[in-house]
Every structure is written in C-alpha cells, then in structure tokens.
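In what follows, chain A forms one complex with chain B and a second complex with chain C.
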Partner chain A sequence: MNARILPYVLILPVTLFLCLFFLYPFILVAQQAFSTGSGFTLDNFRDVTSHWKFPISMKNTLLLAAAVVPIQLALALLMATMVSRMEKGRDLVLYIWTIPLGISDLAAGLIWLAIFEQSGFLNTMMSGLGVVDKPVNLLSYQHPGIVFLAIALAEIWRATAIMLVILVAGIGLIPKEYYEAAEVFGASPWKRFLRITLPMLRPSLQTALVLRVILAFEIFAVVAALGGTLFPVLMGETYAYQFDLLNGGAAAAIALIILAISIGFTLLILRLLRVPKGASI
Partner chain B sequence: MAEIQIKNVAKTFGTYQALHDINLTIADQEFMVLLGASGCGKTTLLRIVAGLETATTGEIWIGGRRVDHLAPKDRGIAMVFQNYAVFPHMTVFENIGFGLRMQKLANDEVKRRVERTATLMHIEQLLNRYSGELSGGQRQRVAVARALAMEPDVILMDEPLSNLDALLRMEMRAELKGVLAESKTTAIYVTHDQVEAMSMADRISVMHQGKIVQAASPIEVYRNPAAEFVAGFIGNPPMNFLSATPAGNGKWTVAGETLDGPNATAPLQFAIRPEDMQLADTGLKATAKVVEPLGAHLLVTCDVNGTMIRAILDSDHKVKPGDVLTLAPQPDRVRWFDPQTTLAVA
Partner chain C sequence: MTDAVAIDTGADTRKWGKYLYVSSVVLLCAWVIVPIYFLMINTLSSPETVSSFPKPFFPEFDLGSLKFFAGFAGMLTALKNSVLVAGMTMIMSILIGAPAGYALSRFEFRGKGTFRLLILLTRAFPLPLLALPLAVLFIRTGLDDTAFGLALVHTTLALPFAVLITFSLFSGIPIELEEAAWTLGCNRLTAFTKVVLPLILPGITASAIFAFVISWNEVFAAAVLTIENRTLTAFLLQNLDTSPLHLKFAGGFILVVPALIFIFVVRKYLFAMWGIANR
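What follows is the complex of A and B.
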C-alpha cells in the first residue's frame, strides 16, 4: 500500500471508535448544555453559576487541587529520586508504593473514613491515649479544617503513585553520563537535581502534572465518602444536578465548565514546562 | 604541582578483570597519552583517576595528595567524556560555563573564560545553540571547551578529537597541546589513533588487555618497543616479524639468511620496521605479492619463506608483483623478541 496513506488507514479504526464513543456523546452533552429545549441559549450556564453553591464548590475544587497537587509533586519527585538510586529491592519498593493505584477512589475514601469517623482508628487511639475523653465526630461541620485535611490526605495517599510511576520512568530515561559530567564539574547532589534532573524531566513532569491536575478537578468519590455535603465540589454538583435534581442541561453545563478549566490548566502546564527546540535528550 | 600517581590499581567488573595492577606516574605538566585498542581499559583507568569509578585495589595520588576517597569535584580535575556528555538542555554557552557557575565565579569572568575557550575551539559562533542543533564534532569541541574553561590542574581527555575531520583534528591537536603547555596543565589523553599519540605525547603508555605494556617517549616506543604487542600495534604498517633459530655465537638463521643477533639458545622472533629494509645484493629473499604506490614510497607486501612482511621502498624502484627482491635489514634497527614472554630481548 502507498506509504503516504498507510498511517492514516492504520489509525482509522481507533479514530472511528473515538468519534463514535467519545466525540458523539461529547457533542450531545454540549448540545444539552447550550439548550433548554428551544434553540441555543446560555440559560443553563447562567443557572448553575448563579446558584449559591457554585462559588463554594469552585473554590473548594481549586483549593483542594492547589493544596494536593504541589505536595504530590514534591513527594513523587522525592520518592522517584529515591527509587532510582536504589540498587536492590527497587521493584519491590515500587510495587508497594503503587498499591494505592489499584484501589478505587471510593474505596480509598472509605478507608480514610474508617480512620477519621467517630468510631474510627484515630478516635480510638486518641481516647486510648487520653487526648480526648470521648470519641468526637471529626468529620462534622464544626471541623471544616479537619474535613479538608482528611480529604487532602486521602487524595495524596491515593493518587501520588500515578505521578511517581511517570517520574520514575522519566528519570530512568536520563543518561547517567550527564550526572557524571555534572559531578566532575562540581555540582553537589542538590545542584545535580536542580540543574540536570528537573530540566531533563520536563516532558515527564508535563505528563504527570497534566494528568494529576485534570484528575484533581474531577475529584468526587473521596469527597463524597469523607465530606458528603459538607464540602461541595464541582463534580459533586454535576452529580447532584443530574441525579438528584434531574436537570441534565445544568449537569452538562457544569461538566463543560470543568472541561474548560482542565483545558486551561493543561495549556498552561504545557507552556510553562515546554522544552526549547533542539534542547531535548 | 599536579603529579599523578597510579599505584597498583586493579579493577574487576563482576568476574571480568578490566585492569591488572597498573602502576604509572605522570609528572607535573606532562602530556601523557594512553594508547591502546578498543576495550583495553583506557576509559576505565581514566574514570578511576576522575573518581567516577572506584578501583578494586590500589591508590590514586594527585599533587601529593591521596584522592581515592575524594569526590570527583574535590580532585582538581576536569574531564572530556568519550561520549561528550554535553548537556542537551543548556546552550553551548551554559555548557562551557557550567563548571565555572558551580564555582560561583562572577558573571563577567564566566563570560570571559567561555568566550576565550570557545574561540580556541572554533565554536564561538555557536554559543547560543542547544546541543541538539550541533554536529557530533561541534558537540565534541563543546566538551573540550567545557573542560578547558575550568583551567584545572589536571585534565583528563577521552578521545577528545575522535569525531573531527582530518584537517580540523590536526589544527586542534596543535592548539590543544599549546594551550595545555601554556597553562601548565597535567594531561592524560586517551586515544587509539597512534599518529595523534606520536605527535602530541610527552610520553605514551601503551595498554593491552588491562595492562600497561610500555610507558616511554614516542620515539622510544617506536624504536624500542618493549614487547611484541607494542611493535605490532605502533607504526603504519607495523613491524614485521620472522622466526629466527640460533646458529651459535650470536648468529641467527632468518629465512635461510644468517644475521647477527643476541646471545641466546632458544628460538627468537626477528623484527624489523618496513622502512628499515633496503634493496641490496645480500639479504632476505622476498617475493613481491602486492605493490601499493604511496607517492614518495612503494608499500610492498611480500612473501619471505611463507611469512608475509611489508617493506617501504623508494618509489624510484620499479617493483611489480612476482619479482623476487633481496631486502637487507638495517642492522641497528633490528629488534628481537622472546616468543615465550613476548618481551624484547636486548
């Protein structure tokens, strides 16, 4: 077959699949978001954004992402560097650290609920140690800070590993000789990390951050398990519109808003971490 | 003062012994060339001196200080890597200035040194490029410039000119030699190009299978090879060998001819360089097989009693394949080797 058209023929099946099961439903959702039954309108967007819960859920979602993602990034970098330096047992450590990846987000939320709830480990331990005289309900409206902390912890515990595996793979791609050259020319381990690892890891950092940030805006099950209605987030509102209020148009509108935020951040990350032409490995 | 002493250094990778008991002293400001075939352990030895590899046994001393336990950056060295290791995410300027920045030199000093070494390496017009936009030879020169910019006491260079074209290489050789002599730098220079070794070295260390076979001045290595390996490795074409049997009283029978030689009773190898034989009335009977005109000379490959040898003759001689030549070895250029030990016999 003609070498020019062969590549297109080869990607045809997957393109068709994506059009059928992704693009088409997406268009339907978009249509739904921009109509209330009678032609094009922005009413759905107006409705959802003027609702009192919208600014709170927006703020909560962004705040959570802002708190969780940087910590995860730092942790993942630290863990990836440690794993890459290991000579023995490296695979075992990596398996153990990535166990949370195999647990669904709802299950992860429930695990942390078991820790924080009134009859949970934390309360048992605290009353056992005499810190409190009787178990307290930590995840209540009286302790919004603890609710936030519990959700953030669960997210960090659950989803740091996805960044970790991407960064470990990325660090593995950096040739050893660059570290040796840096070492000979006087760079300390910290300087080597700053001047060699970080810049050469940019493509992996891009992937890891984009993936993580998008997932952070889609946070739902962990929040539902730990915060319930105490901590509204955008994805939770989408769910509520669709299934509690049976308002498909409004749900579609929020979904599109989340999409827009995700695209915005993706472009920002790609731009900030871009590799100049001619500067790749 | 930066004398380098390598004392009893050996290195094993798993079960493979890459270096055997290396002893070598490189005087302050000396230009030492490590010469040897691929895989003989040149890079390994250089990396041990640099501190990127630890010797299994032995000691490294630089400038009277034992350095084996020191990190590379504390040894007062700079290095040109065989695979360049030019940082791809930095421009040429940042690459050359990397070590200077690590030393926290002032900006204008960094700029001055970077520009000076870049000019020396003829890459001053590339300073703003990334290494992905450079050719192999340009990248190699960045690696050399980066090491020179450090103005180190000791510079370790692993085949730093291997990727340049013949003309540029010749020019760079001279410049490099000049710069290092001027800056009083002690240099270890790895190459497997013997012309480069001959033309640059104060001394050459010939390595073979993880051992140093001979460390001497270029002319000594050429004229008086310490072992058969050196004789067969140095020179283009290398030395010729013929087996010799003792005929008593310092006389030897070589391909039916009787020649003067050392007093010994066991058979030896007779050795002579191709250019040290002349056409004469008496001498070795050789049948010309291949005749290659090289301009000023003829390179004649011929058969002496079933052994192939090469002779370099003046191109005035008319020689064609099939001719029987009589080649007289120049007596003071004849060398003898013990086939048992492969070492030279006086």
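What follows is the complex of A and C.
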C-alpha cells in the first residue's frame, strides 16, 4: 500500500468509531432535547429550568467548581515545583501523589464517607480531642456547610493528580538553561517561578484547566456518595430525570445545558491563556 | 533537571527551608494515603466495628465485611461485569487507537492537524452524557444492558487517550530503525512486527491498562446503560441509599485496589503522554 493512502487507512477506524459513538449520539441528544414527540420545541428546556431544583443544582455545580478548581491548580503547581527539584525519592513521591488518578469518583466519595459519616474517623478524632461529646451526624441537612466541605475535599483529594501529571510533564519540557541563566542573574526561586515556570507552562496550564473544569461540571458520584439528595448537582439531576422520572427529553435538555457550560468555559480558558502561535492545546 | 539549589549565604534559612520542604512533601503524601488507609481499616473490620463508635485507628484484620460483600446478591456478577467491560474496552481502544497513533507519528498527511485537534477536542467534552441517547439507540439494536454496548461507550472515553499515548510512544522510536529494517529486506508490515512492536509493547500495555482503569472507574454511563448487567460502580451507586456502611466501604475498597496496582504499573508512562499532548 502506498504511503499516500496508508495514513488515511490507519486513522479510518478511529474516525468511524468516533462518528458513530461521538458525533451521532451528540446529534441524537440535541434532537431529543428539542423535541417532545411533535416537531421542534423548547418545552424540555422550559420544564427543566422551571423546576425548583434547577437553580439550586446549577448554583451548587458552579460553586463547587469555583471552590475546587483554583485550590487544585495552586496545589498541583506547588506539588509539581516540589517534585521538579527533588533528588531522592522522586519516583516514590510521584507515585503516591498520582494514586488518586486511578481512583474512581465513586470510590473517592466512599473514602471520604468513611471519614465524615456519623461513626466515622472525623467524629472519632473530634470526640477524642473533646470537641464533641457524642458523634454528630455531619452529613445531614443541618450542616450544609460541612456537606459542601466534604464534597469539595473529596474532589480536591481525587482530582488534583490529573493536573499534577500534566503540569509535571509541562515543567519537564522547559529548558533547564532558562533557570540557570536566571540563577546567574540572581533571581530568587519565587522570581524564577513567576517569570519562567508560569509563562512557559501556559500550554500545560491550558490543558490542565480545560480538562479539570469540564470534569468539575460532570461531578456526580462523589456527590451521590457523600451528599445524596442534600446537595443536588446538574449531573445528578440528569440521572434523576433519566431514571427516576423516565423523562429522556428533560435529561437530554440538562445534558445540553452542561455541554453548553463546558464549551463556554473551554473557550474562555483557551482565550485567557492564549498560547503564542505554533503551539496547540 | 533536579539540580540542588545552591545558595551560599543564609545557611540557617536554608536549613529551615529544607525542613519546611521535606515536611510539606511528607504532609502531602499523608494527605493522599491516610484517607485510603481509613477505608482499608473499615474494609478489614467486622461489620459491627464498622458501624460502631469510636473507630479504631488500626485494622483488626477481620474478613467479615469482605465476606458479606462477596455474599451480597449480585455483587460478584457486578464485579465480573466490570472486569468484562473493562477488558473489552482495553482491547477495542488499543486496536482502534494504536493505528491512528502510528499514522500521526510516522506520516505527514493533509488533515493531520485537524484530526489531532478533533481527537483533543473529544477530550474536552462531557462524554458520559452521550450515554443518554445511546440508551435509546441500544434498545433498538439489542445492545441495551449488555457488556459490549457499555464497552463501546467506554471505548469512546478511552480512545482519545489511546491515540495520544500511542502517538507519543511511536514518536519515541526513531524511524531510522524501521528504515534500516526495510533496507534489510523487511516490508512495512514485517518491519513493524519485528522491530517496532517488540520495542513498543510495554508502552502499549501501559496504555491498555489506562483504558482498563477508565472503564473500571466510570460510573455515569454504566449506571445509565445497564440494568440487569450492572457493573460494580453502577451496582454500588444504585444501592447507595439502601446498603449498609460495611458493604459500601468494602465495595469502595475493591474499586480502589486495582487502581493502586495499575497506577504503579503505568507510572513511567503517565508523564510521556501528557508531555507530548501539550505541544
């Protein structure tokens, strides 16, 4: 087979597969969202957005993303810089820090449930220290702040690793000479971080943020494990519409709303952290 | 890249800085490990201990919770389904993804940039949502509630990663090796199977494992697309409201264990894939 056609033959399977299971369902979900059986309609969207739970779950999802993503970014940057100057034990530390990468959101939720539930480890510690007399049901409607905190902690615990991996890889690509030159001119470590690491890391920061923000809007199982119905989020509502209410059109409508928010934020991040020409995501 | 920062002045500050540095590393390691340790304590305790108060800080190595987990109706089937779906996802994503990775690394062709961008863009997409329309489609085609149907969706999730990882792997092997094989009488195919494949196999295994983990961990699509043939994540999710604590924790632990092993196996490749994907 000649070299002109071969590459196209090789990418054909992926292209076909993604057309069938990515593009086509995407069209279907749009169709489903904009119809209730007879022609084009916005009824599904009206139904969904007028439901009392919608503003709350929208607010919760966005608030959670706003609380979690910046902390994860700071933490991942800190960890990545720490690792980059590590001599001994780098592999071990990196392995430990990337463990959560392989842990599902459901498992992460259950892990933090072990800490926050009524007979859990947090209560054990608190009563051991004499802060409380008897175990408190922390994950209940009386403590919305703690429910939020537990979910946020579980998310930070679980999903910082993906940003860390992207940033460590990105830092590895920065030429060492820049740091050496900066050192010759007497730049402090903090200055070097601000003037070299951060600007050079822009493509990685972009990738990491896009990926993380999108995953943040998809949050589902962590919330299901920790908050249940106490803390409604968009993805959970989608699931509820599909399963408990058997309303596929409404589920599709929320799915499209989540998609729209995700795409909006992706474009925003790409724009804010624009990479000079010649580099892509 | 790990040159020690050499500042001659301020030996005292440096010493304190070092303490601070080491203790933060240790602290961050503890931040990751301690929650998993807590889950392990719960898993290796008897069901009575799990719901008792206060909690012990050491496991009592009682297999009661795990036995209960294994005996819980449907749980072992769910575990089997999880492995089955993840296995199929692994095979499909490599078989479909690796050729594209090879094409990207070896050929210049029209539309290459666009193709790569599209692959990257699929990653910037809440993919599990696509399970919703597929649920309808699968009912029509008889794929509903089957492991294969779910594996197809999980393959969509894992494909972008498979393409990017194999792309970076193939790029790491000099084309000169292949060219040398051609001059020695190999054609494209035999050069690939005799020279490139042996070199690439560990990396391929790593990206296959990565695909396995993606599928193993996926909750939403699994919960939407399966009813009778639940995977472990879907089964646990469905029973969250009703199952006792020790069942939840044992289930969570079973979900975590493969992750620990897999990340250890693929740790070398985690960085290569993102490094290339960044450029």
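By definition in this document, the second predicted complex is superposed on the first by the 265 of 281 C-alpha atoms of A that agree within 3 Å, B and C clash if a C-alpha of one lies under 4 Å from a C-alpha of the other, contacts with A are read in each partner's own complex, and residues count from 1 in each chain.
Convention: a contact is a pair of C-beta atoms (placed from the backbone, for glycine too) under 8 Å apart; a residue touches a chain by one contact, two chains touch by 3 or more.
Keep in mind that this is a model prediction, so the values were computed, not measured.
*Asks:* With both complexes superposed on chain A, which partner does A:Pro199 reach: first (chain B), second (chain C), both or neither?
*Replies:* Only chain B is touched by A:Pro199; chain C is not.
*Asks:* Does the superposition put A:Lys191 against chain B (first), chain C (second), both, or neither?
*Replies:* first
*Asks:* Of the partners chain B and chain C, which touch A:Phe220 in the superposed model: first, second, both, neither?
*Replies:* In the superposed model, A:Phe220 contacts chain C only, not chain B.
*Asks:* According to the contact criterion defined above, which of chain B and chain C contacts more residues of chain A?
*Replies:* C
*Asks:* Counting only touches as set out at the top, which of chain B and chain C does A:Ala169 meet: first, second, both, neither?
*Replies:* second
*Asks:* Between chain B (first) and chain C (second), which does A:Ala181 come into contact with in this model arrangement: first, second, both, or neither?
*Replies:* A:Ala181 sits against chain B, while chain C stays out of touch.
*Asks:* Contact-wise, after the overlay, does A:Ile56 reach chain B, chain C, both or neither (first, second, both, neither)?
*Replies:* In the superposition, A:Ile56 touches no partner, neither chain B nor chain C.
*Asks:* Can you list the residues of chain A that meet both chain B and chain C?
*Replies:* Residues common to the chain A contacts of chain C and of chain B are 279-281, listed in rising order.
*Asks:* Quick check: in the complex, which residue numbers of chain A touch chain C?
*Replies:* 1, 3-4, 6-8, 10-11, 13-15, 17-18, 21-22, 25-26, 28-29, 31-32, 78-79, 82, 84-87, 90-91, 93-107, 110-115, 117-121, 123-124, 127-128, 135, 157, 165-166, 168-170, 172-173, 176, 189, 203-204, 207, 210-211, 214, 217-218, 220-221, 224-225, 228, 235, 238-239, 242-243, 248, 251-252, 255, 258-259, 262, 266, 279-281
*Asks:* Report the residues of chain C in contact with chain A in the complex, numbered from low to high.
*Replies:* My answer: residues 1-5, 21, 24-25, 28-29, 31-33, 35-36, 38-39, 41-42, 50-55, 57, 95-97, 99-100, 102-104, 106-107, 109, 112-113, 115-120, 122-130, 132-137, 152-153, 155-156, 159, 163, 188, 213, 216-220, 223-224, 233, 236-237, 240-241, 245, 248-249, 251-252, 255-256, 258-260, 262-264, 267, 270-275, 277-279.
*Asks:* Once bound in the complex, which stretches of chain B touch chain A?
*Replies:* Within the complex, chain B touches chain A at residues 50-52, 71-73, 77-79, 81, 83, 85, 87-90, 98-99, 102-103, 129-133, 146, 150.
*Asks:* Give every residue of chain A touching chain B within the complex, in rising order.
*Replies:* For this pair, the touching residues of chain A are 175, 177-178, 180-187, 191, 195-196, 199-200, 202, 275-281.
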